[in-house]
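Presented sequentially are two complexes of chain A, the first with chain B as partner and the second with chain C.
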Partner chain A sequence: MSAPQLSVRDLSVAVEDGPGQRLLLDRVSLDLGTGEILGLVGESGSGKSLFCRALMRLLPSTKLSIIHGSILLEGRDLVTADETEMLKVRGGSIGMIFQNPTSHLDPVMSVGDQIAEGIRYHQGLNRRDARAAAVEILAQVGFPNPDRQYDGYPHEFSGGMRQRAMIGVALSSNPKILVADEPTTALDVTIQAQILRLLMDIRDKRGLSIILISHDLGVVAQTCDRIAVMRDGKLVEQGEKRALLEAPTHPYTRSLIQSHPSMPGEAASELPDAAVAEPSSSRPLLEIDDLHVRFTGGGGLFGRGAQTVAAVKGVSLRVMPGETVGIVGESGSGKSTLARAILGLTPLSSGRVSFDGSDLTTDRAAALAKLHGEAAMVFQDPYNALNPRLTIGDMLSEVLRVQGKASDTDIATRVGELLDLVGLEREFASRKPRSMSGGQCQRAGIARALAVDPRMIIADECVAALDVTIQAQIIDLFRELTASMSLTLLFIAHDLAIVRNLCERVVVMYRGEIVEEGLCADVFARPRHAYTAALIQAIPDIDPDKPLGGGAALELDAVTQQGHSSGQPLTAVNQ
Partner chain B sequence: MHRYKFVLYRPLQFLPVLFGISIITFVLVRLIPGDPARVLLGSRATPTAIANIRAQYGLDEPIWTQYFYFIANLGQGEMGKSILYKIDVLRLIATRLEPTLALVLSSVLLSVLIAVPLSAIAARNQGRAPDQIVRIVSTLGIGFPAFWLALMLIILFSVRLDIFPVSGYGNSLGDKLYHLALPSLTVALSLSAVLTRSLRGAMVQALRSDVATAARARGMPESIVFWRHVLPNSLVPTVNLLAVNIGWLIGGTVVVESVFALPGMGQLLVRAIFSRDYMVVQGVAMVFACSTVLVNFLADIVTVALDPRVKQ
Partner chain C sequence: MIRQATRTFQLPWRRIFGGRATLVAGVLVLGLFVGMAIFAPLVAPYDPIFQDTTARLVAPSWLHPFGTDNFGRDVFSRVIWGARIDLQIAVIGVAFPFIIGTTLGTIAGFFGGIVDIIFMRLVDVVLAFPFLVLMLSIIAILGPGLSSFYIAMALVGWVSYARLIRAQILVLKNADYAVAAVSLGFSRTRIMFRHLLPNAVAGSVVFVMSDAVLVLLNGAAISYLGLGVQPPLAEWGIMVAEGQSFITTAWWITLFPGLSIVLLAFGFSLLGDAVSDVLGVTE
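Let's turn to the complex of A and B:
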């Protein structure tokens, strides 16, 4: 490695906490070589984002301050640089890409203008030249029609294109270092592969150095040269990626590698046998026949221009009692709509859904009553799905009381049992969601679903918002619960690796239709549909030698992109 | 440009709205106890004289016939004759519209000129002294009633300092603006307080938003972050608040017009109500309704122009 582009020594950041200080970053030292991609991994709260904010001297609150250390860039120390100098460094020397392009792009300014803004300010170009330069950048980050798309606003683009725009904004002032903070976490797996490829491509063309922050070791393994692992504000381990992945020295790194979902779990290979062993022992618990769900949107007073969007198009599915079925697909593929339709939360346009013999179309009231008593849902965002004013105990008792499944005297005992089931200490009964971590909240959410004593649980992306090691724990919990309570589980996820680890059967949805369905082991080993194959190939594997995505993925990306860039994630048909 | 297509077809939707308003005002006005003929002729008028007047203005016809005449006249651009002023209602309104319109326009302009900088100062110094001062002043501005503010302004600027006239409305443009200074300041003080509170809140949020962080991260100085990203993102809710308030202002300038003796719509309406001048009351009500609809229409256009995400 040549002389480092950026050299951080003993960087410490503390927060004012009452009378004293609390360390959030504890003597972090690392070097970034020219043209190098450094992966920074760790869970939320480990300080990886804070580290990058500290590099730009943009700490998220005035209560935070750098108390120690140095950041050497081009022969000066950014810790002591004054604000005017930092204005040149931000954007000019270090560009930043954020996790959520939707909230970080200005919604009322065209994407081209946002790129041109940096060019005009940092390079002093006039309006016309800045526009030309911005069009050039838009082309570089993969806008097919940059001249026209310059004037587009962020909401007119798909998530993937917005992230490309965000990268364009970061590139606008020609920085030498790019800091990418979880740039693909909010994106679908095939789009993620594209964005990662774009970042590597930019590095090759511009000779940039990149710090890529991710909670996903797979992403880092696929793209980076070196990996640094952070935990609790400390850098616990860093090194060349192959060396680090093959022989991690720190126990935390080892647990990160083990909990990565691309490693096949042992349970996945066992469970299918059990399922096959008892075929057609009873009738299906859930039967869906040719289900269509359409939404009508837009349209004026006289119904002109009203558009019907088909979210679910002709889905048929049978789920046997005790089965664990994964539903995978990208955002907009209709998987959540399907879940809502099954629970009667969304009106059905046509087709039939019946739960344990009760038909949701012919006898809606009876079917709903049955569903409320025997099916439950676990939601994606554990914080928002829990009432912040109720303690976990109150929340669970409320469900038990409403369901009438436990007498008043038994409620306290039952709450305790539920907490035991989901692996929470009994003292959590008196805690409120805000004093709990994401994983603990999700456990509470699962306890609430179990309080109904359900026969079926629908989990909608319930681990998407959690850190990898927590994800692994929640998956383990589901595995135990389904085995011990003979629960039927419909597990909706965009993350195929998780579904492969947990489920016996998998259903792949694409644009509202089921394109493939079968036993997990079969589908993942021998995908029959090109879309499934593309999805599987786009999963970043923790093995750096398994390349990211393939030719098939690229072709399908083009198809997906067209559907997305029209601003309508779902296929729209004019009525 | 298809986002602006509603500008063409929205006015068609006004027709049923205005039709409904015309029925409501027409019926409500006639529900007020009292008889215009009796008010006009005084308490000692003979029954014959009253019957004559009633026949002359069509008041003896059934209410639906009266309404039919009203709509038929409206189609010809007439609103009937004022019983009190003896001239066509539309012509009467035309002479009174200008002072009210000028008052509303100048107070709205003044409010925006006060509210935007004040909110900017407050939001950028959030929690510090300037912010506290702006918040106290705007709370007071909302709290003080218009008539009291008007009197205080007259005492200070007209009586003590002798800068502005106590009341009345001028003839030339300059003279009119000179006479409007205190009335519009009265309205602007409370209106700008409402706007400042809304705008400051939106700005504080926008300053903390990801959009602002992203702009800072690409090296934009705080002034550009504020004026180019924070301000445009904070305006939309305030524009709608302003529209609601203008709608209210058009009908609510009565107090200010009375204190400053401005010959506007508010005064006309009050006098018409007291004399049961049905034609004038329903005419003025129609004008108020139309202008409220129009102001909201304009606010929709501004919202679409400010926020590319909005579709009408």
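Let's turn to the complex of A and C:
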């Protein structure tokens, strides 16, 4: 590495917390070379986002201040630079892209204008030249028809295109450093692969330096040159990526690498065999035949004239008691709708759903009563899934009381048992969700599902909002529970790696249809459908030498875009 | 570094003190009036409706701190006794609209569809008339008096609460914990009133405080027009009305009850601010 583009020394940020100070960033030092991609990994709360905000002196609250250290950029120290100078640095020297493009793009301004704005401000071009430059940037970030799309508004584009637009906005002022804060976390895997490819592409074309923040080691391993690991505001380890991944020195880095789902866990390979052996003889617990769920709405979600949107189109599925079935697919593939339809939370348009012999279409009341008492759901957002006004104990005892699962005298003991089951201390019974972490809330949500003594649990993206190490813990918890309580688990996720670890059977959904179904091992080893293959290839592997699923994903995207407008489903290949 | 440290050091202090100061001041002011109302017979030096024809329109003095009115009644005693009626107006005048509006708003938001349409069109109808005009017509139909005033308040005032709550319920009923409650087979009543309402009600509780101010002023206005509390009962609005014709010669008859209205309203506002801080409604 030659002279570093950016050099941070002993950067410390503290928050005023009552009478004293609390360090949020503790003497972080790192260098960023020209044309280098540096990956910054760590869990939420580790200070990685704060570090990047501190670089631009955009601290999220007035209670925070940089108390120590220096940030050297082109011979200037940004810590002591005055506000007018910082205005030039922000955008001009350091550009930033964020996790959620929807909330960081101005919804009432066309994407082209948003890019042109930066060009006019930072490079002083006039309106016409700025537009030309903006069109060029749009083309660079992968808009197929930049001239026309210049006038499009953010809501007209998909999530992936919006993220491209935001990268365009960041590039508009021609920065030397790009800070990307979890740029792909909100995107589907295939789109994620494209965006990561785009970032590397831009680096090559423009000689940019990039700081890529991610909680996913796979993403970082695929794209970065060097990796820095942060924890609790400290930089615990940094180094060249291969060296760091092969021989991590810090125990935290080691645990991060181990909890990455692309690592074939030992438990994962053992468990399915044991579980596969037992089912099949009895009749299925859940039977779905040619299920359709359609929503009606004026000016539909996917097209202007559309009056009805079919979220689930002709799904048939059988789940045996004690089975663990993973349902994967991208956002909009209808997997959550399917889950809600199974539990009777969404009206069925046609087809048949029956749970343990009770038919939801012919005898709805009886089937619902059965479902309420024997099936439960775990939700994606752990905070939104718990009533913020109730303590965990109140919440659990309410379920027990309403469902009559325990007599009044036994309720307290049963609540304690439930907390033990999900690995929460008993004192959590008196806590409210606000004072708990995401992982703890998710455990409480699982405890609520277990309170009904369910035969089937449907987990809808229940780990998507959690950090990797917490994800691994929750997955382990599910594995234990299904094994010890002979639970049937329908596990919905967009993350294939997690499904591969946990489930014995997998169902791949695309546009409301099941495109592939089979034992996990088979499907992942020999995908028969082009879509499944693309999904699997797009998983960023922690091994930097396994290339990111490239061509297939891009091709698929072309198909997807067409499919979007014409509504044509993907056809299967080599079947 | 030192400069920043001292600057930010003061911030939290000011915030805590500021928040508490509002709460303390609000409770003090309201406490003063509640105390006045409860202990009126002990505190008031004279009978509020006793007419001393030998001491009419006496200016404030040690004998009559707030002076006397045109019938020779002690204004200080009347202001103290008036607290009883005015507090009652504020509390009852808010309680019924709050209960009715919250219930109807919850039901409308939760069930949606035709129920929602019916309730919300009803709200539109009520809102289509100017507030005071509607109040006055209802009271005119029912005949003057406090109970007519309460009925009119309940019929007219619920609309704001219904709208506030409905909007919240519409958002909250799609929250995962509401869906979870449905999937666990909880009854609709339980979901509405145990799970959704407690989370939706914070904004309305804050509004109660500012609404109490409006109701108080309304009550005073209605009494001033002769449709609320009837003489010779001591109520601040009536006292202002009666003192009006003597404003140039005997200002004290109007001033002290007027000040009491302002001060009580101020107390409610302070408490409303503090409550909204505590409930975290405003950031």
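Here, the second predicted complex is superposed on the first by the 547 of 575 C-alpha atoms of A that agree within 3 Å, B and C clash if a C-alpha of one lies under 4 Å from a C-alpha of the other, contacts with A are read in each partner's own complex, and residues count from 1 in each chain.
In this section, a residue touches a chain if its C-beta (ideal position, glycine included) is under 8 Å from a C-beta of that chain, and two chains touch if they have at least 3 such contacts.
Just so it is clear, the model here is predicted, and its values are computed rather than measured.
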>> Is A:44 touching anything from chain B or chain C once the two structures are fitted on A? First, second, both or neither.
In response: neither
> Which partner does A:403 reach: the first (chain B), the second (chain C), both, or neither?
Replying inline: second
> Which partner does A:107 reach: the first (chain B), the second (chain C), both, or neither?
Replying inline: first
>> If we count contacts the way the header does, which residues on chain C are in touch with chain A in the complex?
In response: 1, 4-5, 8-9, 11-12, 175-177, 179-187, 190, 194-195, 198-199
>> For the complex, give me every residue of chain A touching chain B.
In response: 56, 58, 60, 87-92, 95-96, 98, 100, 103-110, 117-118, 121-122, 153, 155-156, 166, 169-170, 172-173, 298, 300-301
> Any idea which chain B residues touch chain A in the complex?
Replying inline: 9, 13, 209-211, 213-221, 224, 228-229, 232-233, 306-309, 311
> Which residues of chain A touch chain C in their complex?
Replying inline: 16, 18-19, 21, 62-63, 65, 67-68, 340, 343-345, 368-369, 371-373, 375-377, 379-381, 384-390, 398-399, 402-403, 445, 448, 452
